[in-house]
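Structure below; questions to follow.
Chain naming follows the written order as A, B, C, D, E and F, and within any one chain the residues start at number 1.
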Amino acid sequence: MELFIIFISAAVVNNFVLAYFLGICPFIGVSNKLSSASSMGMATTFVMVLTAIVSYLLYNFILVPFGLEFLQIPSFILVIASLVQFVEMVIKKISQPLYRALGIFLPLITTNCAILGLALFISMRDYNFIESVIFGVGAGAGFTLALVIMAGIREELELADVPKGFRGAPITLITAGILALAFMGFAGMI
Amino acid sequence: MELTFWIALATMGGLGFVFAGALAIADKKLRVEENPLIGQVNDLLPGANCGGCGCAGCYDFSVQLVEGKKPVNGCPVGGEDTAKAIAELLGLEAGASVKIVPRILCKGGNKEAVKKMTNYYGPLSCKTMHIVAGGDKLCTYGCLGGGDCVEACPFNAMIMGENGLPIVIEEICTGCGICVKACPRDIIEMHPIDREVFVFCKNHDDPKTSKAVCDVACVGCGICARKSDGGIEMVDFLGVINYDKLDPEKIPFEKCSTGAITRISKN
Amino acid sequence: MKTAIHMIATLLIIGAISGGLLSGISNWADPLIAMNKQKATEEAIFLVQPEGKSYEHLNAPGVEIYKVFDGSNKPIGYSLAYEGNGFQGKIRVMVGLSSDLNKIVSMEVLEQVETPGLGTKVTESHYKDQFKNLVTVPSLNWVKEGTAPKENEVIAITGATISSKAVVAIINDGMTKLRKLQQGGKL
Amino acid sequence: MKKQVTLWQDYFKGIWEINPAFKQILGTCPTLAVTATVENGIAMALATTFVLTFSSFIISLMRKLIPSQVRIASYIVVIATFVTIVDLVMKAQFPELSKSLGPFIPLIVVNCIILGRAEAFASKNGPLRSVLDALGNGTGFLIALVALSAIRELFGSRSVLGLQILPDTFEPMIVMILPAGAFITYGLLLGFSNTLAERKKRIAQEELVRKYKPVQKAGSEEIISQEA
Amino acid sequence: MSTPTANPVYKLELTSSPHVHSRWNTKQAMWLVIISLLPPVVASVLFYGFYQLFVILVSVGVCVGTEALIKKARHKEVTISDGSAAITGLLLALILPPNFSLFFTAIGAIFAIAIGKEIFGGLGYNIFNPALVGRAFLQAAFPVAMTTWAIPNFSDAVSKATPLAAFKFEKITADLGAMFMGNISGSIGETSGLAVLLGGIFLIVIGVVNWRVPLAMVLGVIVFGGIFWLIDPSKYPNPFFHLLAGGFMFGAFYMATDWVTSPLTGKGMWMYGGGISLIIVVIRLFGGLPEGVMYAILFMNGFVPLINKYTKPRVFGEVK
Amino acid sequence: MSLFSFAKKTFRGGVHPFEHKEMTENLAFEIMPDPPTVIVPLSQHIGKQATPIVKKGSVVSLGSVVAEPQGFVSIPIHSPVSGKVMNIHREPNTSGYPKDAIIIQTDTTIEGSEKFEPLNYETISGEAIRERVRIAGLVGQGGAAFPTFIKLSPPDGKKIDYVILNGCECEPYLTRDYRLMLEKSEDVVVGLNLIMKAVGVENGIIGIEDNKPEAIEKLKGVATRFKNIKVEVLETKYPQGAEKMLIRACVGREVPPGKLPMDAGVIVQNIGTATAIYDAVVKGEPQLYAALTVTGKGINSPKNLMVKVGTPLQEVLDYCGGVKEEAVKVIVGGPMMGIAQFDFSAPVMKATSGIVVLTKEEVNEHPETPCLKCGKCIEACPINLVPTKLSRYSQLERYEDAEDLNITSCMECGTCTFTCPANIPLVQWIRLGKQKVIELQKEKKTA
């Protein structure tokens, strides 16, 4: 039950994008097409789970034992970057279609603050291993949800008569604001 | 303190080592052959992989740019400098030397062209007018005045004149030719900017009909063709210019009763 | 190969410098950070035990509890730091208790992420002050606005019933643990 | 003299022309997250500027030593180092501020502004210009954050920088300090700034068109002769 | 004879086929909706007094004014006569609590039209129901004012709490009959199930509103609410309580059925209605808030583009 | 609506426009006298235009061939009058764009007419019917003007089970088919029999909407004399007479997108085509007349007419008492799918089924507003498309998206625009998008 709550909390109630403002850059950048949004979402979820695992291990088995908590930021980011790079390499080698669908989104994920945020949350909240993984899955699902909803809306908005200055990022942000209002309905559900 | 210092040093150094090693291997083993242009464009980009352009990272952007799916100024981070650099790079590839601009080969504005007695109702776009018997004007070849080319121009280099004919602002025009595709009646043609002589008409009707539909149509009298030594050929009552053979000096512009063939000079 | 070595060497050196530098900085910062933390805790302890002058951290499993003494080193009660779920996330409170644990001296909300303007009212004095001299036996309770509270009851905030309830529940929860410790003679 | 001009330009272009928050739409996460109060906004912008300036400086110095394949990784490590420094210093000296900014100080690492400027400018230019560029962008970021947080704090808590501005009769609009308010305010600001830029462009275009027409009319037998 | 001639006598129109059109038009449909809103308006005045008329007038006036201003600023044709802004104003007013501040009403109305509608391009392009956007904004901006209820005129109750809040926080269930008539606390237009039902059935009968969405929502709430009720009747209310409580009826007939923000296809409408009812039940039973109709509809509004995309009808003759 | 419709045979979707058939449904056909000049377009059908075999100044007699077919999908053109060829020239056309035509000045002094030998319909072979239909220059009367003989020659390997005669006349206002069914019921049924023979099919069905009880009665009476021909009563709904809808309603089969009725084992022919086949085979007459309804509140005296092919519209309108001043539209074809005219010198063609003159009140047009996504167009579309999206994609030139939504399946029946409360010219945009998509598809194929 605890795990389920962690999942729902990360995915819906405390949605990374709409409540914590994490991963806004790709949220605005890659939400213009449904196909790329869902690919991006999946790739991010994958990396989030990996990050959750690796950062948990790194934090609890290297940084804490040696009293190196202050190295959190540089070491997390380096590990995430190298991990993403490595995964990209592997995918490229294994399957070209998979690479076209997911792999090309990987470089974008390195500088996604949702990933680093996830790693920091895990160390901050003292999640255990399973909780960390579930948290990663939930956060990824929440990110994907927000991204996919937004992509659907934006595909629709492309047909709309949005004032010129508001096209693109501004209307996306405002839509996200209204979505955030809607997500407030889930408050208190944790 | 000493120990922590050294461990910190070793941890970060080690991580760096692993990462660099992985990258080095990747660099060696997984290099994929591709259009060299993509790499060149990629080098010009900021490389922040921020996704602001809507692509999956800078590399994806350069691929799409080279494939023509993204504009040169599509990178919001790089800004104008990057756009210019890329444009230069691509310009070198295209090898364009003389500027090419669109010419609107119809003079039948709202005054000159004869109107139908029916009023067209519906979307005011050339394409849609074209499928409903051609809008308000009787001429079935000429400009419809719906402004599809103006709409289509990505650089706002075209405006709709007061007489219902589009005007090209040559300073802004990049010669992309999108307006040509936008015109359902194929009135717009791309020409080098220094070309001077044009037949500003596309009407293939016989003399009587073309006179009836427009004051400034090419009526197909053929005077210009006869004097041109093969520079102009009459095709179905319309003068068609062969620019390889054309000698502007030989053309009796003043003899053209409707002014359809005109020499434009810039000074 | 040469570029590979170059690459590895660059990153290795940059990494090492970074590690070294940060270790130095953290050496300087760590004691300060620890001090800040302690100062904050101390402030909170005395905030809920205004008479207190010194304190002692009790080594009790599962709860963070401080025994507070007055100027003459006489124990006047306890300060309990405890946390639980609120409306949107964790609420962390510090409660000053009398020595017999039957009365609350004062209550302070240390951390919360409640809805601004609504749930955050639990940090405001007209809610907080209700806890002063509140009787903790058998347990705390809450009532809606418009009803007269008993000596162990607080009035919930309109529109933020859940947050108000949560604070009460958290304190009750902490008290139960504390009582167990008390019975076990561990205080 | 000429050099002077470009240097100034390096600085000033960051304020409006390529303003990170309004034009490049980078660093959106902190822009939205920490602007509930002006104080937080300023602190965040200063911290970012600090990291941006120092990392730009260092990267600009090292730009010729780093092989291109590992440049991103190296930049990230440099940036992360400075971010950690800021984080530690803030925790040590300004514990309150550090608490209210929460995890967003560490997240400066992945703020695309910094990596973006590092890649787009510092890796190609000398240290002086890079620092000016960084400071310019930092200032632009600061302005954006202050503008956003001022609006949000004013309507959300009646005050700016903690000073109450609106009278007590004005009920604070709590939504402004919630995520939804952040998104909407930023979206509106962005939209209006775009509209402004759009209008500027249109006016310039109209100017050109106006200039264009008479020139064409003055010519003898020119293409736009149909206009008559 | 041989040259094309202009027709000399008649003033004719040249248009694309088809050349005849049905009686339906936007304006007419909008005004029918306004007429159908009369029963709830009457009910609101009846139960909560004449002051509510001021709220309605301010809301409608500000909505119409805002729309006119924005259209003018955008140099577009001012289209307030189509009645859509008036509907938004009316709907917004009817989902506000009784005796609501006129100033707040105006703020909500401005937000509803400006952010909920015009910024997306105006009528037909908005993703979210503008009235609900306005209310969600007010709820987030002025939570206390938005949850301050009044006791209706014909009730002898002492508690101002809405049935849902009473249930959520005190486990008190209200009388279903009173809930149907509207003799309970709640938003001015939502409380009377009877009035809403009258207007809603009128809309369905004349064909302005598609019957699928309300039906899907009613069935959904009975099913989802029923499941929980069957699991533990003492802990969860019976499904008819869900049906009559809060803004469910109003949402089902007026909010969720909004043409612009609901799905295009029949299949989509079933999914949409079902989704809304599921979220309503979940928020009411497990969420921190007593009521979730507004959030559920807004949330599903966000899904509508996706639903539309994946419920394309089967093209005639196509074999899947 | 849909709740009650399962009782009668029909299809999903559709609309119920005002029919207004009362203006002409009780008026018998009149034969209009020959006009002074006829303009005979060389292309009165889908496919390549015919090549003229006469020259300026040639003298032609009634029914003589003036243009030969060019290629397979093409038909000969016969002179509808005796007279002198004045010119061969691009002339206004009811399609809106000028087309090459032979202009013949009527000269009643020229004697003689050319006819084919009448054949016995009971003994004639299928082969002979097809040949006669070809040389008589028959085209489908349903609007698309597809050469009839091609439709009668299904390619090998296609098994045809039914011939359906389309007696729906679902277009409002028009009563031509109705009058033909009443006045020439014999011809209609025999014509159907001939079609069945030509194609070699056992089953013939005449589908008639239930708003024409007299025609149903009459044809049922005649049909009893022929085995295997039955009359099917269908719900009155537009576009019941569209091929695909008719097949769905009559035999329950669906024609796949992009396929022909033949692929579903059905051939559909129009009532007018059946009578024309009767005329060509039994009487030996090429198609010289177009049967049409001139109607609408904008014309002084509505009529059902037999008009010589090539008669300018002006002559026809004048014959019917002229156009009223309040008329706003003159449409060739029905009001749902017909083409608005701007030049009345355009001639009547073989497939012209009516001229409808509408007044403002009948058009009932409202100002266009943005799409409200009410979904009425989707509900009405008989093909189950999403017209609002298609039209918007087309408007924004997103043709690939439009292609994904099967824009090419649209048959431009006009139900969506008819029903649209926002009065968006959906059909016009979709037609444009369709053209562009087909162009793009062709480009892709060649590339």
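Things worth noting here:
Operating definition for what follows: a residue touches a chain if its C-beta (ideal position, glycine included) is under 8 Å from a C-beta of that chain, and two chains touch if they have at least 3 such contacts.
From a predicted model like this one, the values you see are computed outputs, not experimental measurements.
Shared contact partners of chain C and chain E, listed by label: A, B, D. Across the assembly, the mean Cα position most removed from that of chain F is the one of C.
The chain with its Cα centroid farthest from the Cα centroid of chain B is C. The greater number of contacting C-beta pairs, out of the two interfaces E-F and B-F, is seen for E-F.
Once the centre of each chain is set as its mean CA position, chain B and chain E turn out to be 47 Å apart.
Averaging Cα coordinates per chain places chain D and chain F 65 Å apart. Mean C-alpha position of chain A lies 59 Å from that of chain F. Separating the CA-averaged centres of chain C and chain F is a span of 85 Å. Taken residue by residue, chain F touches two or more other chains at 89, 98, 339-340, 342-343, 365, 370, 425, 428, 431, whereas all remaining positions touch fewer. Looking at chain E, residues 2, 4-7, 10-16, 115, 119, 121-122, 125, 137, 140, 143, 288 sit in touch with two or more other chains.
Chain B has residues 4, 8, 11-12, 15-16, 19-20, 23-24, 27, 48, 50, 52, 116-118, 121-122, 128, 131-133, 209 in contact with two or more other chains.
Under the contact rule defined at the top, the touching pairs of chains are A-B, A-C, A-D, A-E, A-F, B-C, B-D, B-E, B-F, C-D, C-E, D-E, E-F.
Across the interface of their complex, chain C is touched by residues 143-144, 147-148, 169-170, 288 of chain E.
Looking at the complex, you find that chain B touches chain F at residues 116-118, 121-123, 125, 127-128, 131-134, 140, 205-206, 209.
On the chain C side of its complex with chain B, the touching residues are 3-4, 7-16, 18-20, 22-24, 27. Across the complex, chain D meets chain B through its residues 17-18, 23-26, 69-73, 77, 112, 115-116, 119-120, 205, 208-209, 212-213, 216, 219-227. Chain C contributes residues 3, 6-7, 10-11, 14-15, 17-18, 21-22, 25-26, 28-29, 32-33, 36-37, 40, 115-118 to its touches with chain D in the complex.
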